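Same chain, two partners: chain A is paired with chain B first, then with chain C.
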Partner chain A sequence: MTAPILAIDTLDLTIGGAPILKGVDMVVEAGKVHALVGESGSGKSMTALTTMRLLPHGAEASGTLRFGDEDLLAATEERMCALRGDDIGMVFQEPMTALNPVKTIGEQVAEGIRWHTGANRPDAEERAAHMLERVGLPHTRFPLDRYPHELSGGQRQRVVIAIACALRPKLLIADEPTTALDVVLQAQILDLLKELVSEDGMGLILISHDLGVVADMADDITILRHGVVQEAGHAVDVLRHQNHPYTQQLAEASAHVPQWQSRARSPKDTALLDVQNLVKDYPGPRNGLLARGDPFRAVDDVSFSVPPGRSVGLVGQSGCGKSTLARIVLALDKPTGGAISFDGMQTSSLNDHDAQMALARREMQVVFQDPYGSFNPRQTVERLVAEPLHLEERPLGRAERRERIVFALEEVGMPADAMHRYPHEFSGGQRQRLAIARAIITRPKLVVCDEPVSALDVSIRAQILDLFAKLNDELGLAYLFITHDLTVARAITHEVMVMDHGKIVERGATADVLDDPQTEAAQRLVAAAPDLRRAIERRVGNTVPPSPRERGEGAPS
Partner chain B sequence: MLAYTAHRLLIVLVTLLVASAVVFFVLEIVPGDPARLMLGLNATDDAVAALREQMGLNQPVLTRYFAWLAGMARGDFGESLTYSVPVTELIADRVIVSLPLALLALGLSTAIAIPVGIFTAARRGTRADTAAMAGTQLGIAIPNFWFALLLVYVFAVTLQWVPAGGFPGWDDGVWPGLRALILPAIALALPQAAILARVARSALLETLAEDYIRTARAKGLPANRVLWRHALRNAMIPVLTILGLQFAFLLAGTIIIENVFFLPGLGQLVFQAINQRDLIVVEGVVVLLVATVVIVNFLVDLAYAWADPRLRRR
Partner chain C sequence: MNDHLVAAEHEDWRLFLKKARANRSFQAGAIITLLIVAVATISLVWTPYDVSRLAIPERLQGPSGAHWFGTDHFGRDIVSMIMEGSRNSIAVALIAVGIGMVIGVPLGCWAAAKRGWIDEVFMRTSDIIFAFPALLSAVMITAIFGPGAVNAIIAIGIFNIPVFARVARGAALSLWPREFILAARASGKGPARITAEHILPNIANLLLVQGTIQFSLGILAEAGLSYVGLGAQPPATSWGRMLAEAQTMMAIAPQMAIAPGAAIIVTVLGLNLLGDGLRDVLDPKLRRQR
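For the complex of A and B:
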């Protein structure tokens, strides 16, 4: 048993008087991954920020945070500055915004090195280059003078990890480090973190809401809810036995499959949406005064059809062209070539002011990932949900309009009196229900869903998936369901299409494709997807090298 | 970066060409015959016709436009209708007052505003912040001519540190000229500084809430260093935009302050020229101001690219 690096003892935290954490205990050991799990608002991130002493204004913490032989809560700000970045590193959730856009990656990695060691610029840059090499960004391909905007999300997260690990901290805190990345990149980043932990022997606090990731990565686990520790212990044991009801609830939600009658129903022969040889080019980057680089082909000769009442999944890595394809289907963007027919109308050749376009828009609605961003915060729910009604051929009377709104709200499980309230009064899951109500108010035949549950917690996600299944059963809605999460695709789609570099490379019944992927792109997605059950099986079966505790508990079965 | 600069420069040239055409043809439409205006109401038709011939007013309009353009390219803006001196000379006499005044006011405004912006952003919500922000409200609200009169009363009349008005020229060295410009520059700078400080503060506060600021703090950098090293440059874009707009205003929009201090600046020249229908002078000054605004915007664009590498590719 190694000595603990960080021992949190009865940590209480209030922000502006509101209690956030209540008596949290947690011990992080060297060379071990300690998962901190919980829904949003459970206090996971606040535990991390308390450890970094980077809490927002008005926060008050009490208890002890023993790090080595000092109490972090009692340390001066000056002392914390010496610890942060040197002995404690932190990696954040959103790699796209975690780096300063006006400084090169070399500067940003070298900065912490120079600050803590007093090294001169060339020495610090040499160390930075070495660190970037370790995180998989060799300077031959990623010179130090690159700016963050020249890198992809996964590459930027590597830079953030390089910053956090440059001085070989004793403790690394990773706050949802892969939530914003697609499954393939997620697997790569998690492997990198594992590697750094085992090479440098640091302790890692891995904050996550994804039990599949946790089951794969963690040695120890602490499960938080409303700022209170629910269960703690050895990760594989906790997740395998699921003794605590809340652990059980989380595990069930993360593998939730809705009760869904139409799953077994065979598809009709007609096509509601028919896409033929669709191509979309974007102009290349400007190279000179008049010259442009080669155009970028975001969608490359894509053909598919969606029968009425059918749910078709579109999966692929970020940047594969999924969302571009969705925009074109919704007639928000013009294709470079090819044709789209929807419900008998050639939507790809219609203009915005055509009467048929209003009809097409009415029968084809959309639900986005972030419901808050797509709502005007100053409008009541009534106006927001009723928004698509202007597409109706004739203006609706007051009573009829109200009736439609109440119907849409009831369909999504919201009370009718919600219509007089404003979006900020609702939780993320409720807002997504409102977005769905808005989508179904015109009684559409097709709803395009662009990652509609990926911003939601597992338990809320399960409820929203149930809602999608119910609406499909009751209203016969067809879905084009875009997601990078294969668990979601498995739960809510009849068929799935795998997209890679603008092309659809594989298509078939969802279970067939996901259980037995044929193409390399589909295999890559399936292999990278975290899965609670498989991860536990693998770790229980895998006894090399067993930790002393594992030898007692998880012997080969 | 080179492509970016060349692209911007091309836009500058096109803008200047279009603007000059607009100025020329608009003044062409304005009623009134310059020749008759110069000779007065009692002139005979023959004399007017002769002068029109001499001024080249009988030539086709395009010919005259290109001749005018070619003249400006050589620095020849034509001759004033009322003073019968080259417009270039008239403008030059005023620019040596207005340009130093504008630069002085802009420098002062920046020197006050940026530190105030940084100070208040770093101490948001404190009493010092509230007091400074109340001060900027006052700076915006006070009419600058009233403030100018107050300055004259205190520093020129009572303390007698500087002259109350007039401009001695630069012939006796820099100091006498500069002394005459100090009070007007302060009067001009005050409201500009108040606006700029507020812009700088809010831009900084917005930047300080960004994720990369947290990343920098997690590296172990103290809050102050993060503000200087990471936040400041990112907050520069709105500040640069306002600076560019302020310079254009300070160069010619200062007629009230010029009058308070009896300064022979560009504002007065335009005012007189418009009153006397001296269209040649108006034309020259307008073209000069347009050119200044376009060039300042070009410099601001270059400064954007310096501040933000993401803009260099376009």
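For the complex of A and C:
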């Protein structure tokens, strides 16, 4: 066994006096993937930032961080500047913000090369071109003078990886590198990282909350909770045996299926929501003063119906048109063609001022993905949750209004005194409960959920899924449940529709479609979806990790 | 239940006071602003000396016990003139900012809510207004309607409209795609109601800061107009007018320029502190801190 690249020994970290990490030990070896797993607030990102010495103000670390033959905690800032980007690379979660929008991708990759090696511009650009080729962006198709906004999310993440790996670092830190991407892109990016690790023999710290991803990728694993290492060891062993109660708890939460009485209930014949031949075009880019390019068809001849009390999933890769479809169903956007009828009303032909529209809106509410962005930060929970109440035909008295708010809060498991507080005082999961309270306060018949759990930790996600199941059982709510996570679709939907390039390509009972996908688009989704149990089985039976081809990877995103 | 509500409102008010007490810049700003308002009010009924009476033998005196900041080239007491002038300066700047906000902010919010050609028309119009040097157009306006404080207010106010319209539009545009606005739209609220309930409270801090900047620019603009003789007309005075008159006397009586200059600085500083402090005190995110 060779000497480890990074050896963290009894690392303690406090920020402003509050303890963040307590005695963390961790060893990263060359050519190995070391997963750092935990829920938000467990200190996994802080461990990475300590290694980079990029800690916020007021942070104090003690212990040793042995990198090669030096202690990173004792290194000077000057020495750290030389190490960062050269021997230690970092990949961030959000590819949309990790690149400088006013510089070309070639410049951004070459920047680090020139800074650290003193290479001249042509040499650095040649190396940058070579690196971009390695991450799957050949310069015949992606010239160096492209700007980040001309690339998709998956392609941008490839550029970020190219920047981090341009100088063949000994250690690469990837902080949730695929959380912002859909499952198909996620599989591609993970394969790319794995390839780079085995080719360059670097050590990779993979920070993730997704046990499915980790089971597939990692050689070693460290599980953190509240800054304390819970369990560490060989990844497959740890995840297979689940000896530690916390490991077990995480594994259960990530495969959680709620108790849901209506799961087996057969659908009613009537349709609550009926969508016929829906089309949405967006105008093409402006080519000249008056000329425009061809329009972009985001939703292409889509028809479906949702019976009352039924939960229908809509799955697909990002950019396939699912969110556009949701907005049109909610009458926030006008369709180019086709018709929507909801509860007997032709909502696609109603205007915002029509009295029937208020009626339709009362029966149809929405829960969004981002528990932080979906509340006005300047209003109290009381006003936020009560927002849809103005749709009631007669104005409610103050006491009645409060009664409704308290009732809605109770239904989502929040205390009544939450109403006097502001949204920033709540955690992500609590805010999502508040968003659901806002959605159900008018007793709607349909709730459109746009990725409502994908920003949440696995244990919180399990609780919110339980809540959705309970509300369906008790209130008979119908859901249009948009997600790219097939585990979620399995947990909470009766039927599922697979969307690809604006069209619905496959539909049927959830289990049928996900167990035996027929179309190429559905197969791609199912093959790419990380799954803890399958990954462990595959790795126990066959210790060689599957090649990218086995997972059905096509061309780079 | 209702007791609960009253208690909560009471709580809010107490929190506001508590935070206001803890916020130094809010206190300093409030004290300075109150002092200036008090000085301007007192000058309505009393000043140490009568500023309309000339006393040539006492002209160009330095600071002394009788005249704290000395006298000008007509022998008028500078402290009294600052007090008199504060009314014109503050009124011109404040009303000009008011005109800009009252007209500009709704226009900007409307443009952001409607987008499309309405937006284009507004923004191109404001480009055209920006293309004219403000002073030139003010000269035009005062040439048509005659010089005086009221016309100076209108001229400066007109140029504040596109400034506030742009700030409001830009900030509102970045809010419209946010999910809480989508949620409000899904609740059936119209653009006007969403603007009032969600957009305005979230852009208020930007407008407040812009307001204090425009206020100081307003005082300077009034000074510029007075300097070319288009602002407050003698015997009325303003800080800008005092600065203009001091210019020729700079070498022999610097106190004539320093006093109104200091008055402008203190006023702008006070308002800036007040604006900053208010922003922090009203921000619910900072409510539990300190």
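The definition used in the following text is that the second predicted complex is superposed on the first by the 542 of 557 C-alpha atoms of A that agree within 3 Å, B and C clash if a C-alpha of one lies under 4 Å from a C-alpha of the other, contacts with A are read in each partner's own complex, and residues count from 1 in each chain.
Heads up, the rule we're going with is that contacts are C-beta pairs under 8 Å (C-beta built on N, C-alpha and C of every residue); 3 or more make two chains touch, one makes a residue touch a chain.
Here the structure is a predicted model, which is why all the values come from computation and not from measurement.
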When the two structures are laid over each other on chain A, do chain B and chain C clash or fit?
clash
Touch test for A:Cys81: chain B only (first), chain C only (second), both, or neither?
first
A:Glu425 contacts which: chain B (first), chain C (second), both, neither?
second
In the superposed arrangement, does A:Ala358 touch chain B (first), chain C (second), both or neither?
second
Touched partner set for A:Ala30, first chain B, second chain C, both or neither:
neither
Contact-wise, after the overlay, does A:Arg378 reach chain B, chain C, both or neither (first, second, both, neither)?
second
Touching partner for A:Ala255 - first (chain B), second (chain C), both, neither:
neither
Mind sorting out which residues of chain A both chain B and chain C touch, each in its own complex?
none
Chain B touches which residues of chain A in the complex?
52, 54, 57, 77-78, 81-86, 89-90, 92, 94, 97-103, 108, 111-112, 115-116, 147, 149, 160, 163-164, 285-289
Per the touch rule above, chain C residues touching chain A in the complex are 1-2, 5, 8, 11, 178-180, 182-190, 197-198, 201-202, 283-285, 287-288
Which part of chain B faces chain A closely enough to touch in the complex?
3, 6-7, 10, 125, 210-212, 214-222, 229-230, 233-234, 307-310, 313-314
Along chain A, where are the residues that touch chain C in the complex?
327, 330, 332, 352-353, 357-358, 361-362, 364-366, 368-370, 373-379, 384, 387-388, 390-391, 398-399, 402-403, 420, 422, 424-425, 435, 438
